[in-house]
Each structure stands twice: as structure tokens, then as C-alpha cells.
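Next up, some structures in C-alpha cells.
Each of the next two complexes has chain A plus one more chain, namely chain B in the first and chain C in the second.
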Partner chain A sequence: MISKKIILIGDFATGKTSFIRRYVDNQFSDTYLSTIGVKISRKNIALEHETVQGLIWDIEGGTEIKPVNTTYLTGAHGCIIVADITREETIEHIANYLKTIGDIIPSAPVILVLNKRDMLENITAKNILEQVKQQYGQTVNDIYLGSAKSGSGVEEVFYTLAHSMLT
Partner chain B sequence: MHIQEILNAINANHLYEYMVIDENLQIIEYSDMVFHLCETSIINYADMSLTQVVPELYGMEAEIEKIFQKEREVLTLPYIVKNTDQYVHIHIHPGRTSKEKKDHCETLIILFENITQQANIQQKLIQERNEKSLLLKEISEKNMQLKRFNEEMQVMVDSEIKKSRENQKIMEIQSRHAQIGEMIGMVTHQWKQPLNVINLIMNVLKIKLKKDPIEIDMFYETLDKVIMQVKHLNQTVVDFQNFFNPMKERVQFNLFEHIESVLRLLESEYQYKYIGIMIEGDRNIFAYGYPNEFKQILLSLLKNAKDAFEENPHENMQITIAISIDSGHACVQIKDNAGGIPVNMLDTLFDLYVTSKKEGSGLGLNIAKSMVENMQGSLTAQNLEDGAEFSLFLPFH
Partner chain C sequence: MPELSDSLQKVIAPAISKEIANNQDVMIDALYPIMGGMISKYVTQSIKELMEQINRKIENGLSTERFKRKLKAKFTGVSETELLMEESSDAVISALFVIHKDTGLLISSASMAKREIDDPQMVASMASAIKDFINDWINKHQENKEEIQILSYGNATLYIESAGSVYVIAFLDSEPDYELRSEINRFFASIVKQYALYFQNFDGDDSAPEVSEISQKMQDYLLLQTDFDRSSTSVQKHNPAKLIFLALGVLLLGYGGYIANEWYKIRILETQIKQKTAQEITLNAHDNTIELNGYVDTLKHIPEVIDLIGEKTGKPVINHLILSTKGQEYLFAKQQKNIQDDEQKLTLLQKQFSETTKPVLESIAELQKKIVLLEAKETEIHHILHIKDEIASKLFTAMKNNPFYNRQEQALDFAKLHLFSVQQVDYNPKEINAVKKTFEHYLSVLLPYRAYLKKIIIEGHSDSSGTAANNMVLTQKRADVVKTYLLKQPFVQKAHIENLLESVGSASKEIILVNDQEDHNASRRIMIRFELDPDMVYETMQKVFNIQQKDDIINRNGSKEKL
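And then the complex of A and B:
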């Protein structure tokens, strides 16, 4: 079975750990606990013709005073950038993460997730998605609305990324 | 120092656990407790692949190869959370140098530095910092929402004020129309007397002319009487005409003269109803404001007194208008002896739609008060022993 290193990056408190926990353990907790450093989880991602073992790196969220440690990105095969749809600045910072990824692992496919969609009206979330698509649609492989809380979009994100890593 | 001695020293300190790997990334040696920081299910790592035991190094093979080639000195992965909830720094250092190739390493040492204690402290600090940052963000958003809410409220308030002003304007117009209607009634009254007099004079003249030729002096005298009555009629029309002519600028005006012009229009109706009106006080006091509005206010107050007398008639119905200077203001007090204002209405007397009359609109006093305030004056009311007293204060010149 092929193993692939997948990294999740984004600003702090965007829900990266919750997103992985929903995907790996199908669990969710409202309590916010900051991640420091990195924690690796594993999950097999079943595609149509093969299965990929995902080594999913939950990387400490970046802040303006403490950016993401780029050593963690070394050797990654795919990236998920997580932004909080209710916090505009986390969407604005997507460009910075894309630059870091481009510098270190330029060939890795990138999926963008606008997490916490459950906190906004459908129409508002879709409007924001359209704006983000206009801005980053050409730069990343795909953009999703997601919710670690409800589970919406979580499977699709990892499936699409696994598929992109193999093609 | 031999590599084994270094490893022994590390082992003795218990600060680090270690593994030694060869060029094929196979584990060839490890400290006894290293499994606590790695895959807990595996306890014999000998000949296992490095990335099987340390998945954090998966994908970093190229970088590890650089250390073998001595192209890179060290590789560090800080703050790795292991499955045992322990935090480690993973450091990869060069090990033994190849005897054949001096620029090449035969082994690498992977050190696992247990930093759980300091990581937990740091985690707390980061947690606090992040929570504070989120809180500040939330406060800032709430402030923005509050600001937007205030702005929306201001727009609504402005709109309501505008509507209220428009309604006030409409009410003023309606009230003015009602006053015009009443004034026409008064003018009719006022005209009846001189018209009767003229009619009488002309009839007497006609009778005299039929009987005897009259003297020219007497004829002129009769004409003068008629002219005087016509002047009186004309004055009534002029007073009426001026009454509702809006003035845009505030001017000085003589209170007595303007009160008199109002009374000229009213006197016959009030006489007809046996209501006596008396002016007292200084005739040379000037107020500063809009004279026509002053007359409308006075008319409204006098009409209220007249209405009160209609509900409470008696033999000595009397209105007194007193002009004076009071606390630096020109003051006009209108007193009547019509029984006074119901006590329960005194506090709300000037409020909109408040009236004690059966067919009253509740507009008159409210509009009168706003007109007075528009002239930077004030209007108050109180009960006297046998009636009411309205005091009108205006800027004094």
C-alpha cells in the first residue's frame, strides 16, 4: 500500500485538529485545545482501484508572530489549507500558506477548505466560497466548504486529495 | 570519543532515547526505552525500516541522505506529539564516518529528546495567547456590530424624527386651518356691527332725504360716520390678512399692539357671549420672535378660555391679559375665572392629543408650546383659585 504524507496547515483555531479527528475517529468536540508542534494520524483512504495510507500531519496553527515551522512540510505529498469561514483574516492568509507550500513542495496538490460552514447561513457560505474560488480557483486543486462539526465535506476533501496525489 | 561512549552517556542521562540507523535506513541499535516514544506495539526494532517506527521521518529520506553525504549537518523535527501523549524533539545527527570514504557517514544517530514538561507549559501559554486573540477578535467584531447597529438605529431615529416633524407640520397646518375657520366666524361677527351701523346711517339719511332737503354739513357728517365704519371694516380685514401670514425672520414686536389686534377680531364674539377681556400692564414691552405666531398662540389660549366658559358659564366671566417683565423675559399671562384645568391633566396638558374638551383635538396647546419654544420661549400653566393661568415667556428686547 502506498503511504502519502498529507499536511494540514492554516491559522490557529481554524479547526485543523477537529477536521482530522472527524475524518480519522469520526468524533467532534467543541472544546478548543491549541495544537503545538505536530501530531501524526494515520488513515487508509480507499480510492476506486487502490488504497492509500494517509499519514496526516496536524501542524500547529500559524499566527502573525509565530509562522508555521516549514521543516514539517518537507517531503509532504499533499496539502490541505484550512481557513475559518467566519474569520476573514484566516481566508486572507491563504495566500501566505500557498507561497510557503510553493517554495518547499511545489508539486504537491493543494485543497482549500473553508471550515465551520455550519456557523453561517447556506447562502452566505456559498457567497464566500464563490469569492474564494475567484481568488484561488486557478492556484489550488479544489476548494470545499467543510464542517468538522457536522462532518460535511470532510470525506470529500481527503478523497479528492488522495486522488490528486496519485495522478 | 567512540560513538558507543556517546550513546552510553546519553543513555545514562535519561534525557534522550536513541536509535542508530545504517545507510539502508535499517535500525541497528537503540536504547531500551525508545519504544516508549515510538510505536508502542513494536518492541523489537532490530532490522526494521526507520519510517515504520518513526513515521514522522516518512518523506524525509532525501534530507536524511544529505546527512549521510555530509551535505547537511543535522535535521530536527521539533515538538512531535507521540501516541503516548509525550512531546519529543527528533534530532538526526551524523554517526560513524566511513573508513573508506571520509566524506560519507556509515550510520546516523536519531535522538528523541523528551520535552513533554516544557511542551505542556508552552501549550498552556499558546492556548492562552490564542484564546485571548480570539476573544479580542470577538470583541472587535461585537464593537463593529454595535457600531453598525447604532448607525442603523440613527438612520431609523432620523427617519422617525423626520416623519414626526412632517406630522407636526401637517398638524400645524390643520390647526391653522381650523383657526382660520374660527377667525372667519369672528370676522363675520366683527363685520356685522359696522354693517348694521352703516345700514342704519344710510336708512336714516334716505328717510331724511325723502322728507326734507338736508344740510350739506349734516350730509358730510353722515358720510364721515360711514367712512369711519368702513375703516373699521377694513382694519378687520387687514388684521385677518396679517394673522396667518408666516414670517421667516424673528423681529421685535410690541406685545400690547399685537394683543390688541387679536382682541379687535375677537371682541364682538366675546361681547356677544358676555366674556370680558381686559389688558393690563406695561404697553411698551417688546418681545423678540415671530409676531404672527405669537398672535396664534394668544388666539389659541383665549379660545381655550372661551371654551372653558361655555362649559362653566357664570355671570362674571372675565379674562385678564397681563403684560410684564419677569426674570429677564417678556411675560404675557392669560388668566380666566372659568374653573381651572382638571388636576389630573396638569402634568400632560401640553402633550399631543391631550384634551379635556368633548370635541377637542388635543393639538392646540401642543402646537402653541412648540411655537413658543421655536421662539426660545416657554409656556406654562397653573390653576388659580377660580380658574387657570397660562404664562407665556418670550425673549425680551
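And then the complex of A and C:
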């Protein structure tokens, strides 16, 4: 089996840990627990003809005072940037994360997730998605609306990333 | 470097052997700034090994083990020192991991039987993350770029050795001594040398033949270590792993007892809830919460159940109960009836409200009509009361540039014309045209107010010469001739103001003074002024009030009819 290192980065409290928990354990909790350092999970991602063992690194969310520790990005085969669709600044910071990824792991495919879509009306969420697509659509492999709470978009994100990592 | 270490040990050891047992850190701190990190490292190692030897000597000095070792040395011919060295190498490697440095992915692993590590891939990743974190921290805080080599927790030790694109982790039950570390490094170097290219190009695929080859080599290495342990003369000490397992067993037993007790409490609570509510509710205890599961016919007991659980366990409740179909149907029917009742009440209230508000709204409409009427009357009254001001204002606007207009008296004063000669009645024909034109203009402003005009007075004036009686006659005649002249003018005839025009002789009552001297020419003149009809104003006002009184009467009658 092929193993791949996948990292999740983004601002603090954007729902990275919840996103992984939904994907790996199919669970969700409203309680916010800040990740310290890094938390690693593992899940096999089944594609059409093969299975990828994903070692998913949930990296402590960045803040203005304490940016993301870029050491953990080294060697990652794929990357998921998570932003909170209800917090504009987390979307604005995507550019910084893309710069960091470009510096450290330029060949890694990147998926952008606008998490917490369940907190907005469909039409509003789609409008924001369109704006983000216009801004970053050419830079990343794909952009998804997601919800760790409802599970919407979670499987698709990891599936698309696994597919991108092998092609 | 070993020579330096030996030399230093020879010089330093005798002098500090009495001190180092209790002040090892002080010694390192004192030596480090002077000798630098590298030397300090070896000195530290030497001191540590010296410490270990001294400790063993102290431990075994009077023990039976010492006598056994002496006897063994006599029989086997192996020196007591060599036997002592063998005893010092008692750290056991339980597993070896080869990990890709960049990705943290496990390339290959091997472990001793019964000491296998669960989920080695996860362990490799976590170890990699920890190593990255510590290395990052060290490199931020130190000038020398060094890497972590030992991670130790209790009796579990991880020895890490990096090379190129991979690093090896040896899992041991105690900290390895220098010899064991060197041995691991030699083995690891042979692996790296053989598979360097594979390591460099590692892409996460563990199905490559190299992976199983490396795993086999490491397995063989671990087996050799076990054989050496069996054949060695090492003293059998208490096995730390056994102690750990024993301690873990005790802990697990205690934990099991606790869990069983909690489980029993929850089952009792479930029974109590069932007795109270007649509902099958399952309780799942978590660390900080109690979760309610199952199907219920009604939700009315939920607060009671939550109170009971809170009272018995002190934990908050997470409600995952599902209302059964029967219960949902009942609730639905109940809510539907409630909605119907509410609708009926609402309709009734709406009806009552419209009945109550109808007369009020009608009254408001009537009042609004009255207000409009009153406002119109107020405007009319204001207009009547201020009609003279209004005429004066319009005259001023129309005639402010006319030299014959007297603003103060709102009259025409022809003093500036030489209209009459001394004691003459007839006017100067050259000047009368100015009177005609000015009067036409004056009349055009007055005509819209004709209904309020009582008369338009043509006043004849004389100078002060002559008697008063003569002047009275003279001025009357002057006024008459001007009146006759004006009555002949088409604009006067068209206006039908014959009955309004009145000629009056004023004699010399209003002579013109210039610097206290009479201007005789100016005094002989005509003035024209208007006079409002007070009766007309009064009549109009009364008319307005009469209408109002009439309206009031109508309203009162209307109200009576409605009542």
C-alpha cells in the first residue's frame, strides 16, 4: 500500500480537527479544543483501483502572534487549507498559507475548504465560494464548501486530494 | 577524541570523584562555557559512565554477585572487568524503525516477539513529529545545529540516529550506553549504505522488495541481540518490563473495578427511570456526561429524568432520545388541535378588534374633515383680517418705483407735478396724462379687492395763500375736474367704479414743507387714496362664522342619528 503524508493548515478555530474527526471517526462535537503542536490520524482512502494510506497531520492553527510551525509541512504529499466561511479574515489569510506551501512543498497538490457552511444560507455560502474561486481558483487544485458538523464535502475533499497526489 | 576523553578522565576523575556523585550538573555547567559543546558532550558521557561504574561498585561491593563474578573470572579466565562491562550493557532493543526523514513515513520496522508495537505507522509519524518539534526548538535556541538523540520516559527509551534521508529509531527498555549506541549506529550505517538510493527515492510504497529485505535484516539483528543476552553472563536483574506490566495490571484491575462500579450504578439508574417513566431509556456514561438513548412515547418525563440523573451522578445529560412514531403522532395531533384552537381565538380577536376600532376610526375621519375645514376657515379669516396689509404689500411691489406713490399712506400724491396754477381750478393739460397713467396702475392693484373697497377718494389740495373758504371751494373744484377727467378714461369705465370714486376738497390742510418753508407749487395738487369697507369685512367674517355654526349643527345632528 502507498502511504502519503497529508497536512491540514489554516487559522485557529477554523475546524481542522473537527474536519479530520468527521472524516476518520465520523464524529462531531461542538466543543472547541485547541490543537497544540500537531495531531496525527490515519485513514485508508479508497480510490477506484487502489487504496492510499493517509497519514493526516492536523497542525496547530496559526494566529498573528503564533504563525504555523512550518517544520511539520516538510515532505507532505498533499495539503488541505481550511478556512472558516463565517470569518472573513481566515479567507484573507489563505494567501499566506499558499505562499508558505509554495516555499516548502511546491509540488504538493492543495485543496481549499471553506468549512462551517452549515452556518450560512446556501445562497450566501455559494456567493462566497464564487468569490474565493475567482481569487484562488487558478492557484489550488480544487475549492470545496464543507461542514464538519454535517459531513458535507468531507469525503470528497480527501478523495480528490488522494487522487491528485497519485497523478 | 577518545584520547582526549581518556586524558581528561585521568586528570579529572581522581580529583572530582568525591564531588561528582552529587554535583554532576554543576560540573557540566562549569565545563561547558570553557570547553565548548563538543568537549562537554564527551566529558558528560565520561562522567556518566564513571558514575554508572561507581554506582555499581557501591551496589555490588558487598553483595553475593561480586563473589559470584570473582569465582566466574577464576574459572573462565575472563577478567572481572570484562564481566563487569558485559553487565553494564543491559539495555534491550525491543523494536527498530527506519523512517523517511521528510515525510515521517515508516519505511520498515522489526520488533521482538511479544514486544510488537501497535500501529507502527502512527508511532513513526508521531515520533517524527516529536523529533521535528524538538529539533526545531533546539535549533531556535542554540547556535549549534544538533539533533535530538534520546527520548526517554520512565523505562522506555527511544534512541534516534539520523543519516541522509532517513533515520532509525531503536525502542529500548532503558537508556543505551555508549557501546550499544555505537553498535546500533554501525548496523544502521550498513543499512543506509546498502539502500541509500531507495531511501532517497522513497515514495510511500511499502510493497517494494527493499522494505521486506530491510525488515528481515533488522529482525535478524534483534534476534542476535537476544541470543547474546541468553549466552551472556549478565546478572539477571529485575526485568523493568515485567514490573511495568505488573503495575499496569494492578492499575487495570483498579480501573476495571471502577468501571464495573460505574456500570452497576448506571444500570440501577436505568431501572429507577423505567419505574418512574415506564419508558425504556438507555444510559451511556462518558467521562463528563451521561447520554440518553432509546425510543420514548412522550417527552414529558425528560426534565424529571434529567433531574434524577443530575442528582445521582452530578453529570450533565446529553439527550439523544428519539420520540416513537406513536408519540410523534400523538404530539402531532395535539399540536394540530392547539393550532386550530389558536386560529379560532385569533379570528375572534380580529373580529372583536375590528368592531371596537370601527367607531374610533370613523370619529378620527370626521375629526380630520373638521380639521381641514377649520384650517380653510382659519386661512380665510386671516386673509380678511389682513386684507389692508395685503393690498399695501401688493401696491408697494407694483409701485415702488413710481415717484407719485406714497408708501406710508398707500396713496397717490401728485405733489411733484405742476398740476394747478395759483387760484386756478383747471389742471395743466401737459401734466394730467401722468395722473391718468399712475391711477391706471394703482387701480389695477385695487380692482381684485373691489368687494372690500368702500371708496376711492380724489383729494384736491391748495397752497396756504387765500382764505380757507376759498381754498375749500377751490380744492373741491380741482378734485371734481380730475374726477370728471378720470371718469372719461376707458379703463375707468371698463372697471365700473363710478360709484366708488369720490372727490373731496381738503383746502390747505396738507401743504408741502421743504426746510420748514412751504413749497406752494407742490402744495397745489391732487391725492388719490382708497378706503376699505369695514362693513364688508365684518360681513365676510360673520359669514365664515355662520357657516361654522351651521356645520356644528349638522355634526351634532349627524352624531345623534348615529347614536
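Keep this in mind: the second predicted complex is superposed on the first by the 167 of 167 C-alpha atoms of A that agree within 3 Å, B and C clash if a C-alpha of one lies under 4 Å from a C-alpha of the other, contacts with A are read in each partner's own complex, and residues count from 1 in each chain.
Quick note on the criterion: contacts are C-beta pairs under 8 Å (C-beta built on N, C-alpha and C of every residue); 3 or more make two chains touch, one makes a residue touch a chain.
Bear in mind the structure is a predicted one, so any value in this text is a computation, not a measurement.
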Fit-or-clash call for chain B and chain C when the two complexes are aligned on chain A: clash
Which of chain B and chain C A:Thr63 touches, first, second, both or neither: first
Touched partner set for A:Met1, first chain B, second chain C, both or neither: second
Touched partner set for A:Thr74, first chain B, second chain C, both or neither: both
Partner chain(s) touched by A:Ile36 [first = chain B, second = chain C, both, neither]: first
Partner chain in contact with A:Ile123 - chain B first, chain C second, else both or neither: neither
Which of chain B and chain C A:Ala13 touches, first, second, both or neither: first
Steric overlap of chain C with chain B in the superposed model, located at which of 380-388, 470-478 or 506-514: 380-388
Residues of chain A at both interfaces, chain B in one complex, chain C in the other: 3, 5, 37-38, 40, 42, 55, 69, 71-72, 74-77
List of chain B residues in touch with chain A within their complex: 51, 55-56, 58-63, 75-81, 87, 119, 122-123, 126-127, 129-131, 133-134, 137
Touch list for chain A against partner chain C, complex: 1-5, 37-38, 40, 42, 53, 55, 57, 69, 71-72, 74-77
Complex contact set, residues of chain A against chain B: 3, 5, 12-13, 32-40, 42, 55, 60-61, 63, 69, 71-72, 74-77, 87
For the chain C and chain A complex, residues of the former touching the latter: 100-106, 119, 121-122, 125-126, 129, 132-133, 135-136, 203-207
